[in-house]
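What follows is a structure written as structure tokens; I'll ask about it next.
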Amino acid sequence: MAYLIPVVIILALIYNSIKVLMEYERGVIFFLGKFQQVKGPGVIIVIPVLQRMMRVNLQTITMDVPTQDVITRDNVSVKVNAVIFFRVVDPQRAMLAVQDYLYSTSQIAQTTLRSVLGQSQLDELLSKREEINVELQRIIDQQTEPWGVKVSVVEVKNVDLKRCCGPSRNRRKPSASAARR
Amino acid sequence: MAYLIPVVIILALIYNSIKVLMEYERGVIFFLGKFQQVKGPGVIIVIPVLQRMMRVNLQTITMDVPTQDVITRDNVSVKVNAVIFFRVVDPQRAMLAVQDYLYSTSQIAQTTLRSVLGQSQLDELLSKREEINVELQRIIDQQTEPWGVKVSVVEVKNVDLKRCCGPSRNRRKPSASAARR
Amino acid sequence: MAYLIPVVIILALIYNSIKVLMEYERGVIFFLGKFQQVKGPGVIIVIPVLQRMMRVNLQTITMDVPTQDVITRDNVSVKVNAVIFFRVVDPQRAMLAVQDYLYSTSQIAQTTLRSVLGQSQLDELLSKREEINVELQRIIDQQTEPWGVKVSVVEVKNVDLKRCCGPSRNRRKPSASAARR
């Protein structure tokens, strides 16, 4: 029965080298560390030891941009959150160019939300939603482009003018109006 | 079977001397302690005893700059945090010139955030975000340059004017409004 | 087999006398206790019994200066911390002139932080950050110079005016606002 042991080991190796990628997944294959190719969906063989595979999901990801405190150009303090739809279009760059493309995209979305809304008037923010969404999408997409991430839609969700604490609002008020004169 | 022992030792040595560097990694090779060269991605041989290798990641790193208490030039106390994107462009200097390039870059980012924002008016901080981000990026990049670290983007995230404690808020108040007139 | 023992001992001695210094390290060599020379990076021989070696790191070190309670010249109590960047430029003096150059540099930084800030007005501390940083760097560097330690940058980080305890805050109040008028 001793001759069975190598057979079992070989079978186990073969089993581990067979990977199934779903229709919406890609495998970035490295051959001895060097990028080799992106393999499509279906069954692929990854040679043990020599090759390594990183799995990338190409499905559109819906990510919540957490609530940001933004002060509009006309000095009104608002709480804004948004939702962003994006997907990986270039698995190679998503794996190679950046350490964590999900976290980085989320950070870019947060900072862009702040900066774009901080340059808008409150009126624009409320009435020109569409234009602001398009602007947000354009800027975020431009920054995530080197990472192979395509941002398809950004939508501002909740624009909240309510302030929790009365005194705090009153405090900012006079100076804001003073600065405007 | 005794003649097998040196063979096993030699095989183990060879196995340990083979290093696989991913596409986005570089190995800084030292020959008997002296810097020898930076080796690219793929398989490299590190001669045991004689050579040593340090692994450097070239991917873009997204790092959170923790919240800093800043007092603007017009004496308003704000809590500010930021996010910084950087990557190693010169593995040699990142390993040789500084003890821990991640920690040092983080510290430089924190202090620059304070000093640049401390020299700005609150109004500038809120309305001229873009210019402040560019200024931050320029100063931080200049300081990390000797370490082979390239800072690509710095983005101020949250500018928080709210104060937790009423009396403390009142204390800072008069001076702030006085300075603005 | 007995004649092998001295051979093994001699081999062990030779092995122990070979030291590898990394590119950014220097070895300070003492011959029978007397300073002999500083040896560069790479392989060096240290004669057992007769010679001794101390290893010095020349990389830039980023060190946190812990939070100090400082009372400014206009009697405002603040909590201040800082970060200091330095490196050894003269390994000989760093080893000979001072018992622990890291600890000593840290202590010098703390006391200088207190004394410089204690001689500043609160307004200067908040608005003239750059000048205070330069002043701190100059004084600390001057004091660490005999130890072969070069201080490149000192940056004040957090200047905290908040006080935990109400009575203490009220006590300090009048003087602060009086000084500002």
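For clarity, chains are labelled A, B and C in written order, and residue numbers in each chain start from 1.
By definition in this document, a residue touches a chain if its C-beta (ideal position, glycine included) is under 8 Å from a C-beta of that chain, and two chains touch if they have at least 3 such contacts.
Nothing here was measured: the structure is a model prediction, and the numbers come from that model.
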| item | value |
| --- | --- |
| Length of the shortest touching-chain route, subunit A through to subunit C | 2 |
| Greatest separation from subunit A - chain, by CA centre | C |
| Interface residue overlap between copies subunit B and subunit C, same or different (over half shared) | different |
| Chain centre separation in whole Å, for subunit C relative to subunit A (CA means) | 41 |
| Rounded Å distance between subunit B and subunit C, as computed from the means of their C-alpha atoms | 21 |
| Residues of subunit C defined as touching subunit B within the complex | 20-25, 41-43, 57, 59-62, 64, 83, 85, 126-127, 129-130, 133, 153, 155-163, 166, 169, 173, 176-177, 180 |
| Residues of subunit A defined as touching subunit B within the complex | 30, 32-35, 68-69, 71, 73, 75, 77, 96-100, 103-104, 107-108, 110-111, 114-115, 118-119, 143, 147, 165, 167-168, 171-172, 174-175, 178-179 |
